[in-house]
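Here subunit A shows up in two complexes: once beside subunit B, once beside subunit C.
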Partner chain A sequence: MPAAAGVTRGGIDAMISNEPSYKERRNKRWIAISLLPAVALFIVLTAFPVVNLLALSFFHVEWREATSAFSFVGLDNYHRLFSTEKVFWDGVRNTAFFAVTAVSCQMVLGFSMALAVRTAGSYGRAVLTGIFLLPIVVPPIVIGTMWRLIMGREFGLANMLLGLLGLGPVDWLGNPDIALASVIFVDIWHWTPFVFLLMLAGLESLDGEVIEAARMDTRSRWQQIRHVVLPMMMPTIVVTLMFRVILSFKVFDEVYLLTSGGPGTATEVVNFSIYRTFFRQDQVGYGSAMSIVTLFAISVVIILARGFAQRRAARRSAVS
Partner chain B sequence: MTLRLGSRILANTVVWGYALVILGPTLWVLSNAFKFKIDIITGATISPFTWINFNELLFSRQSDFLANLLNSAVIGIASTAIVIVVATMAAFTLTCLDVRPWVRWALLGWALLFHMLPTLTFVGSWYLMFSSVGLHGTYFAVIMTHAVHNLPMALFLMMSFVGALPRELIQAARMDGCSYGQVFWRIAFPLVRGGMIAATALTFIFSWSDFAISLTLTSRDTMTVPVAIATFAQEYDIRYGEMAAGTLLSIVPALLLILLGQNFIVRGLLAGAVK
Partner chain C sequence: MQSFIATFSRRSMLRACAAAFIVAAGVGTALAQSQPPVTMAINQSPWLNSFVAMVEEYENETGNKIELDVTPFGGLLEKIRNSVRGGQGAYDIVNVNSLWLSEIYSGGFLAPLGDVQAGYGLPEGVLTYGDTTNWDAEAGTFTGGGALMGVPVNGNVQVLYYNTDIYAKLGLHPPKTWDELLANAQAIQKEGEAYGFVPRAARDSIVYNFTPYLFSHDAAFFRITDSGKADVVVNSPEALKALQTYVKLATESGPPGPGNIAQGELIQLLATGKGAQAIAVIAAWGQLEDPNASRVVGKIDAALLPAGPAGTVASSAGHWVAGIPRNVPPEKQKAALAFLDWFAAKERQVDYVRAGGVPVRGDITGADLGDDAAFRFIGAYSQNAQHAVMGLPFAQASEASDAMALSLNRAVISEMTPAQALNQAAADLAGVLERNGFAVTKLPDL
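For the complex of A and B:
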């Protein structure tokens, strides 16, 4: 059986010589009908909003008694965003810091635990997988709620445990110096299990003989990992990394619940800035400009990253 | 390959220790659902068991949680139904039929990009669009946005399932005179049912878990569970017990998914990430 092929031009019609034209028309129509709902949804609810945002970003919108007054302001919103804005750029810095720190911790932790567990000689496989999947299938807002309770200043579990040791209390989410670290910690708790599962699956699918051979070569454990396991694991690592980085740009739910960007701008992230500007400050035009800048920046990152990953994959297949 | 006893012990310690790190905090929070408020606040280790939080949450007059559960279910079921029908049809056509290359490229490329962009950059525009036509706060607005939000994931997932169907079967149906539509309904659709169940479960979970869209597009009457839980947590006088009870109820679908469809979860989350 051929592997799940991507492009199959004429694939299923390979053995059809010719068809009456009315049938061909009906087939053409089926193609159009079957794609139409998806295309319509995407155009109305994703492409149009981008155009809408772009248009709005050139306006100043004022709400007066349930009606809105638009006044064209040209590039003012962008000018304001790039010159006088502070909160948004704090958010950009925090988001970048969040993405880099949280994701690299998850990768290192997930990978080293997977290495330690390796051939999964552990008992209760299904139970364990279930537990590890738990954080990623429960609503993210639940994770936020949980940790808000645990990191609560007065009745939180964290401070209770510290209290037993005669330490604390620490204001995990209210102290500007550690609030961001607390949020990052929650994200690490949230996503490391997933990285671990992917890494473990990747390790298990490696060719055991190659690793055995490396071991016979009396290489040290570290050399085995560095020169044999790590290169073989690269595809898994790249996929996981990209997946996590992209998701970390989306972070919103936990931040909303844990700190709402505070104290001050200590845990401000881009998504929260957009939310606040749009929905709490009613600055629609300005919020649109923020959205457009964010959309553009992240699209560029995604396209570059994909291009890089594909070139890498192409080079690999050229070598082997 | 036989492992030395030492590394076996290490492996088990690491993995079970880590499981404890995940499970411990979760269970601590959830256990609050069965405690009286006074015991939660004083941090009593041993406390009497009670259902009172569930009673308050579901049946008291001040609580809308039952309505929230219903809203989440309605929105989840309706948006999932739309997503699965739309995604399965499109997946079959894109995988098996002769679509113009630029159409395929544009559709899949855009789906992938949209899948990766932060939802928050879109909700403002959705809010304005639906408000301007008087649909803000309706089921319709939330259902359609949830549908489009989950469509890329379902599309990529269904494409992988359709792509795994035996090609000979479809070719044979074509030779016997089936039109494209007939091939889809009579051959592909029944065969890909297992995949559809997986995609359904995941789509429902994502809709059920969504916070950003529901926060901005629902009104009091259509508020979903995550938004309700967030409201609980931000009240001045936090009702810890009821909040824990609500949290516990909100993760039931996730628990069912873990019990019944473990294998699909990772695949669904990665849909689109692997080419």
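For the complex of A and C:
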């Protein structure tokens, strides 16, 4: 059979053998070349520092005669971390508690605030949005200073107000039983606007007709939120939750400025332990081991959260 | 005017110009800088302005230039590390806190001053704060016979502050012993007007604050017995007595929540008259005498720290030493030393005190300052400086301090008994020493 006009014998063979055409191959090459800068940046800015950190965690570093001396210690730093270290693990416990408590409160408050703004009039919406967003634009150093002044036992504003009511004074930052709760409170105040912002964006993007239909079909506002708004908002909620969990594991500035991890280890968090070990004590190898363990733990949390979100999405699409 | 111009010939003008040139050249020579400019890394502490005043005085007097790179305390060590560990240092002088001295000395980052200028020694009268200006590289510790590594620039030792109004009202006297201090504190606390005693017991400063108690009880954190050998003695019976005294003062006569009181809170309590007695750094004096920041101007005095059971007195060194890095050119090193030597002279130190600084000499008296009441701290400062000790004289001082701080802090907030705290501190300190190559012996647990 003669070949069709414009179609070469080689082209027919290529189609028959399912081999990519020249155009497809060229496209793939172009895609690979286009990705190269991003891959190079990833290697230089992310992969290399992490690999370097991992390598450092197997060494003990000392300075003698103004020269660094690296001694290979194998898994000693990890062994020490898992066998004799106490402060870091107190920090892990506090950080986990901090993340769960602070993020839960922020999610509930942020979502409620977004609902309030969504249903407010245009003037109220502008005013409420401005007020709600204020904490997130304040620099962390100012937040630390401000709340340290407010929560001071002797001269703090909080105790002055309590005094007017005949209560207190409360040692917000010096009492080991409530110091962590005080830091969590400040974190909630600081980061709830972030949740609010994402939730508001999510609510604004919902289909208005569905919401209107739900209003007619449900008996109460709570039913409307529970059975319509919340399921529709789930992708936004999951993404926001992941953002906040990751960020809450990175808490440092509030603890550093308010309590420096004390009293005792009441407000010790992972990042503060790493900072103290790596920078103040100059234990580079041991600090690297702490960092790698933390990095690994956060990665596991993210992978689990993503897996959960993907399974949930798959289940929902199967049902619908 | 016209007649003046008419008589001012070209020759006259040339003569005038020549004369002006000669005069200008003469003045210029007098103020020309004889040394290259020097850059110094320094901390942003309350005494900074007094140091800046001395730099200005030096520049006006010599024409040499000193550029100060001012950094908050928390970031200075990293800046210093980055500079001295590089091939070419950014700083010709680094201002090193007493807690970091052993790390910087043992790392070999500083040029011994005897190498910068052959035979250089500290001017007579300059304090060494427990020989912390000298480092024995072989022994790995401070010794008077070691190489001279720097010149002190601020003598920040701890002193006993007390409120003279409250003392007068209750008929109290500056305490000579810890028991007397406790008795004073209880009497003040009972009166109810102010806290009897304010400790500085937050985790990041408790080891420094506790050091005078420990050493005045003839105890120590550890003792180097031989090269590479150390006895951990922080859990001795004497140390237990010292910690019991510390905890008693902090919990029975101090503000609630002592475990979170850092230097800022302590000064605030003294400055507002809410705290009647405290052991704190002499650098706080300026704030306590500042009418814009204090309600007790003229009502605070300083004294020698109380003695232990055997009459031993100790203060903890918290001073600053200026060192000259190895990795800067020799001419810069010489210029740096010229400034530091100028700064340590007695007449400059008197100026330094007048500008609000804490001197680094022990031979300045009230008479040198015209017996001005504003400088009434000078006697107590000199006495305490003579008894200054370096609690952790080895390279891993920061690590050891952090390790023990937690246990001491837990004793103050009643999470541990003093005996448990010291046993734990001893175990932690032994771990730090062993990890860093010491053969360690320990006392049995209390």
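Definition applied: the second predicted complex is superposed on the first by the 218 of 320 C-alpha atoms of A that agree within 3 Å, B and C clash if a C-alpha of one lies under 4 Å from a C-alpha of the other, contacts with A are read in each partner's own complex, and residues count from 1 in each chain.
Definition applied: a residue touches a chain if its C-beta (ideal position, glycine included) is under 8 Å from a C-beta of that chain, and two chains touch if they have at least 3 such contacts.
Keep in mind the model is a prediction, meaning the values are calculated, not measured.
Look at A:155: by the touch rule set out above, it reaches both subunit B and subunit C.
Comparing subunit B with subunit C, the partner in contact with more residues of subunit A is B. When both complexes are overlaid on chain A, the residue A:83 reaches neither subunit B nor subunit C. Of the two partner chains placed by superposition, A:21 touches none, neither subunit B nor subunit C.
Shared-chain residue A:220: touches no atom of subunit B or subunit C. When the two structures are aligned on the shared chain, A:71 is found in touch with neither subunit B nor subunit C. Once the two complexes are laid over each other on the shared chain, residue contacts for A:317 go to neither subunit B nor subunit C. Of the two partner chains placed by superposition, only subunit C is touched by A:259; subunit B is not. By the touch criterion defined above, A:274 reaches subunit B but does not reach subunit C.
Put simply, subunit A uses residues 155, 279 to touch subunit B in one complex and subunit C in the other. Across the complex, subunit B meets subunit A through its residues 1, 3, 7-8, 10-12, 14-16, 18-19, 21-23, 25-26, 28-29, 32, 40-41, 43, 85-87, 89-90, 92-99, 101, 103-104, 107, 110-111, 113-114, 116-129, 144-145, 147-148, 151, 155, 160, 163-164, 166-167, 170-171, 174-175, 179-181, 183-184, 205, 208-212, 215-216, 225-226, 229-230, 232-234, 240, 243-244, 247, 250-251, 254, 257-259, 262, 265-266, 269-270, 273-275. For subunit A in complex with subunit B, the residues that touch the partner chain are 1-2, 4-16, 23, 26-27, 30-31, 33-35, 37-39, 41-42, 45-50, 52-53, 56, 113, 116-123, 126, 128-142, 144-150, 155, 157, 160, 189, 193-194, 196-198, 201, 208, 212, 239, 242-243, 246, 249-250, 252-253, 256-257, 270-272, 274-275, 278-279, 284, 287-288, 291, 294-295, 298-299, 302-303, 310, 313.
For subunit C in complex with subunit A, the residues that touch the partner chain are 77-78, 81, 84-85, 103, 106-109, 202-204, 255-262, 265, 268-269, 272, 274, 326-327, 396, 398-399, 402, 406, 409-410, 412-413, 415, 431. Contacts from subunit A toward subunit C in the complex involve residues 63-68, 84, 87, 152-155, 171, 173-176, 179, 259-265, 276, 279-283.
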